[in-house]
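Two complexes follow with chain A in common, the first pairing it with chain B and the second with chain C.
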Partner chain A sequence: MKIKIDGLECEANYGEYILEVAKRNGIHIPTLCHTDALPGQGSCRLCIVEVIEGGKNKVVVSCLYPVTNEIEVLTNSDKIRRMRKNIIRLLAARAPESEHIRKLKEEYKVPEEKRFNVDKGEKCILCGLCVRACEAVGVYAISSVNRGITKKISPPFEEPPEDCIGCGACAQVCPTGAIALKEFEGKRVIWDKTFELVKCSVCGNYFTTREQYEFLKQKYGLEAEEFLCDKCRKKSTAQKLVF
Partner chain B sequence: MVEDNMPDKKTVLICCGTGCLANNSYEIYRELKKRVEAAGEDISVKPVLKTTGCNGLCEKGPVITILPEDIFYCKVKISDVDEIFEKTLLKGEIIERLLYLDIKTGKKVKSHKESEFFKRQKKIALRNIGQIDPANIEDYIQRGGYRALKKALFEMSPDEIINEVEKSGLRGRGGAGFPTGYKWKQAKKINSFPKYVICNGDEGDPGAFMDRSVMEGDPHSIIEGMIIGAYAVGAQKGFVYIRDEYALAVKNVSRAIKDAYGRGFLGENILGSGFNLDIEIVRGGGAFVCGESTALMASIEGRVGEPRVKYIRSTEKGLWGQPTVLNNVETWANVPVIVDRGAKWFSSIGTEKSKGTKVFSLVGKVNNTGLIEVPMGVTLREIIFDIGGGIPGGKKFKAVQTGGPSGGCIPESLLDLPVDFDSLDKAGSMMGSGGMIVMDESNCMVEVARYYLKFLSEESCGKCTPCREGIRRMLEILEDICAGKGREEDIKLLLELAETVREASLCGLGKTAPNPVLTTIKYFKDEYLAHIKEKRCPAGVCKELTSYRINQELCKRCGVCAKKCPAGAIFSKPKSPYVIDNNKCIVCGACREACRFNAIEVMGRREG
Partner chain C sequence: MFEEGEHMIESILKRYPKERRFLLAILQDIQRTYNYLPRKALNEVREYLDIPLSSLYSMATFYRALSLKPKGKYVIRVCDGTACHIRGSMNLLEEIKRELSLLPGEITPDGKFSLETVNCLGSCAIAPVMMINERVYGNLKPDMLKEIFSSLGGEENG
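Let's turn to the complex of A and B:
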């Protein structure tokens, strides 16, 4: 079916999200809580657009609004720009330390905050991606606690999470770099928990935590041979295929 | 079924709703029962004693009604039991002291139904409450209960039922006023099974108790409605989602479900019709937001009660991704009456686009507080001044807040507004579930907005940015204004944030959260300006912006204020009027309350 985005005719499949259609047609809509692997939060609201349907305008999030009619979409109307700017202003007051949010702030010309009491030292925008990522790994080590303005992401009892395997998936998906992951002297520290890294028995590089290796081995029933990093495993599989 | 169906036999109805129970109504029932039993042969006609659900007059509780004379007693104490037995039950004498005082006329009335408070009401959803023992299915049946179910199962097709509900014009009573018949039609259309029906009994609005009263006082009306709805859309499983604190509602609904199974109204092959339905109770998740439809379904599924986007309707993909009809308690309770008496009758009540009646909990600065049920279209003035009996203490009306925490404040100039879904919306407020809080001149409207935003900031689930961060920043600004730290540009900023919160939030909570701020700015902007520019709280509520002064001409030197002042801040020299020492005054307002000559004036922030 045909839809119009910012005046451009686009071909869309029934049920496809506006964001996908826009992307395919080279129209950029900013996002924070959306990744292709973990869609469906709808929490940051940065990707809002105006949809015109049956003569009526409504504001929806493009990452989750399915195309079911021949609609017209405005990704950059005055209203959307004004509200997006406000959302960035709110996020910047919440997470002033995040580099990414600072960049958005510049891009959308949000002035320096003079009215709100900006949160000190915060980077997290509570998008929820980290929790989803950890669930996807199959670990469930962290979750969001409390509600309303006291909501936060935290391991149980705010202690280093017992179940965490140090895989770093949460840190990787976090759009604002809010989860600290440090590596030094063969160790990885995340969520205030220290993990021992293991070396690849072929190339000798540190590549994962012992806990993650054990977790994956158990989950996928791998044979307990040597430790192989991704690169070397691929190489060895390829070699096995050749010979 | 709506008309009163009074027994000829002498019956004493003792309210045992949550409010009256808290004031020992069950002990009153037990004592009276003891007396009646002990009397044995002494009385010619032994009265039947029944415990009923909440009559909606909790403030006047415990209340009891004696039939067939329809004598209504309020604020009954255990010590009154003997007298009631001796005088009223044995001799038919009326005890003046316990009668209901009609504020409007200043007279005591024998039956509360003679009072202005009741005369203007029309009971459909509350038809049985206070008249029956909710634990006794026979009582319900005797008043026409389950007649509609039989009609639906044996005389109507599912489509005919849906048509009837659609034609009746019934709109959801849980908040948004969505047309019920249309919702059912959508769910019926989808060819995917299983389907579900849910009753929303979460009632998270602080101070509201409409739904609690129906669940406690007439649970079968909800169950009958749900069976009819389930049959119409093809659902075989239903859930009643009840707010966790509502222990008595849970008890009474459980009992009703059990008895309905016992009578063949639930379970397999209902009344031999071939239709099956099971209903079970789910206890609420304990948060205001759990009443929101998608959060509620998540909670039933055992997940965190957080809303999700609903670009696809629940009637298509609801509970566990299956077609689901979710309706409010009051909506369901209306259904049997519509099926029984027909769409034509129902739609003759109300306004063009809002049919039937609506239950409100009328509270705040109004003489008669309680649950009321009125036809749609009565004016706010009628509700507040005729039914509610006006404002106590001769004070001036200022605003009425409708629609729960995220409703709006409606000013005096709109008092003649006919109350229905659309006109309240147009005024910037909403029907919501039916909370109605009356405010007088002693309420500060900026403080009112702050109060509701505080509630919403705590009750927001915190998932999406505009709601979580936007409400928080709006609250921050309102707190500043109330503390005398407001800035000139604050009103503009509040309006701008309000737009983003309203339009970009994920669920209904955020989408409506700015209402208290928007309406108070719209109708009471002068109060905002007084706070911001003059550093003065006209109502004398915001402590940082209030000081008191004794008007030397009005002061009669009675000295009451000085006696009442807990801080010892009021003194006088012989023969001269009293004065307040602003350095000692803690701005509690006790003097102002106490002064009978209105001599204590509200001033701006104290100097220095």
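Let's turn to the complex of A and C:
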């Protein structure tokens, strides 16, 4: 079906989210909690757009709004910019230390917040993507704990998580860089837990933790005779196909 | 506290099928039995239901009715809703502090009393109100508290 986004005619499939259609057509909608790997989180509210349908206007979250009609979408109207500015203002009050949010603040000319007493070092906006990433890997090492103003993301008992395999998926999907992952001298530290990294048996680069390798081996029954990093595995597979 | 009744946890678990939807009910039973959620008990629940520890911890920290720290034998809940606040709930807290040297969120060293404030007990007509375990006390004045506590054996904390 045909929908109009900012005046541009776009082809959309029934049930497809507005954000996907916009992306495919090169129309930028700002997002924080969206990744293509885990779409539909819908918690940062940054991707709001105006939908005009049957002569009526409404504001929806584009990463969660399925196209079911021939609608018209405005991603950058005055109303949306005004509302988005407020959202950024609140996100910035919550996580002032995040580089990404600071940039958004500049872009939308959000004034410095004086009303709220905030933790200046905070980067987390509690979008929950990291928890979903950990679930998707199948590890379930972290979750949201407490509620209300004390809510945060943490491993159980706020200790280095027993179940964590150090894959770093949580840090990788985090839109605000709130999860610290450090690597040095063949070690990786995340959630205060230290992991030993293993080297690729071909190129000799560190590429994963032993725990992650064991986990994947068990889950997918990988062959264990050689440790190969992504690049070398691709090469070796390609060679096997050629010869 | 936990060791004494370790077999209790088994009998709690036996009451429920091994399904995740019974998690909250199980945790409530554990809370009732031990006055808190002992870490060992959480591990038992985790094994019984085969769910991640993180989801258990998430639930245990979410509900006010569940507690990871021991609560007293008598849990004092002082209402600090609007009606009770206006009718002097702060004076009750002040008196409890004097009588039992107890602040909200704390427990007496002998484990007898713990204190928390709640937002509304739904009995505004008899404000200010407090509950001790399941019993409700209404129309309270600070000087009534001493007698109530000593009837529960509070004089030792005196």
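FYI, the second predicted complex is superposed on the first by the 242 of 243 C-alpha atoms of A that agree within 3 Å, B and C clash if a C-alpha of one lies under 4 Å from a C-alpha of the other, contacts with A are read in each partner's own complex, and residues count from 1 in each chain.
Basically, a contact is a pair of C-beta atoms (placed from the backbone, for glycine too) under 8 Å apart; a residue touches a chain by one contact, two chains touch by 3 or more.
Worth saying up front: this structure is predicted, and the values here are computed from it rather than measured.
J.: Check whether A:P155 is in contact with chain B, with chain C, with both or with neither, and answer first, second, both or neither.
T.: second
J.: For A:V202, using the defined touch cut-off, is the partner it touches chain B, chain C, both, or neither? Pick first, second, both or neither.
T.: It touches nothing on chain B or chain C.
J.: When both complexes are superposed, which of chain B and chain C contacts more residues belonging to chain A?
T.: The partner making contact with more of chain A's residues is B.
J.: Thinking of the overlay built on chain A, is A:L216 touched by chain B (first), by chain C (second), by both, or by neither?
T.: neither
J.: Once the shared chain is lined up, is A:V118 touching chain B (first), chain C (second), both, or neither of them?
T.: neither
J.: If you stack the two complexes on chain A, which partner ends up touching A:L91: first (chain B), second (chain C), both, or neither?
T.: Touch partner of A:L91: chain B, not chain C.
J.: A:S144 in the overlay: touching chain B, chain C, both, or neither? Say first, second, both or neither.
T.: In the superposition, A:S144 touches chain B and chain C alike.
J.: Just chain B (first), just chain C (second), both, or neither: which does A:I52 touch?
T.: neither
J.: According to the stated criteria, A:Y65 is in contact with first (chain B), second (chain C), both, or neither; which is it?
T.: first
J.: Under the contact rule defined above, give the chain A residues that sit at the interface with chain B and also at the interface with chain C.
T.: On chain A, the residues that contact chain B in one structure and chain C in the other are 144, 146-147.
J.: Contact residues on chain A for chain B in the complex?
T.: Of all residues in chain A, those touching chain B are 41-46, 48, 59-61, 64-66, 79, 82-83, 86-87, 90-91, 93-94, 115-117, 125-126, 128, 144, 146-151.
J.: Which positions of chain B touch chain A when the two form their complex?
T.: That would be residues 287, 289, 308-309, 311-312, 456-466, 468-473, 476-477, 487, 493, 496-497, 499-500, 503-506 of chain B.
J.: Which chain C residues qualify as touching chain A in the complex?
T.: Touch residues, chain C against chain A: 39, 52-58, 61-62.
J.: Provide the residue numbers of chain A that touch chain C in the complex, in ascending order.
T.: Checking each residue of chain A against chain C gives 140-147, 155-157, 161-163.
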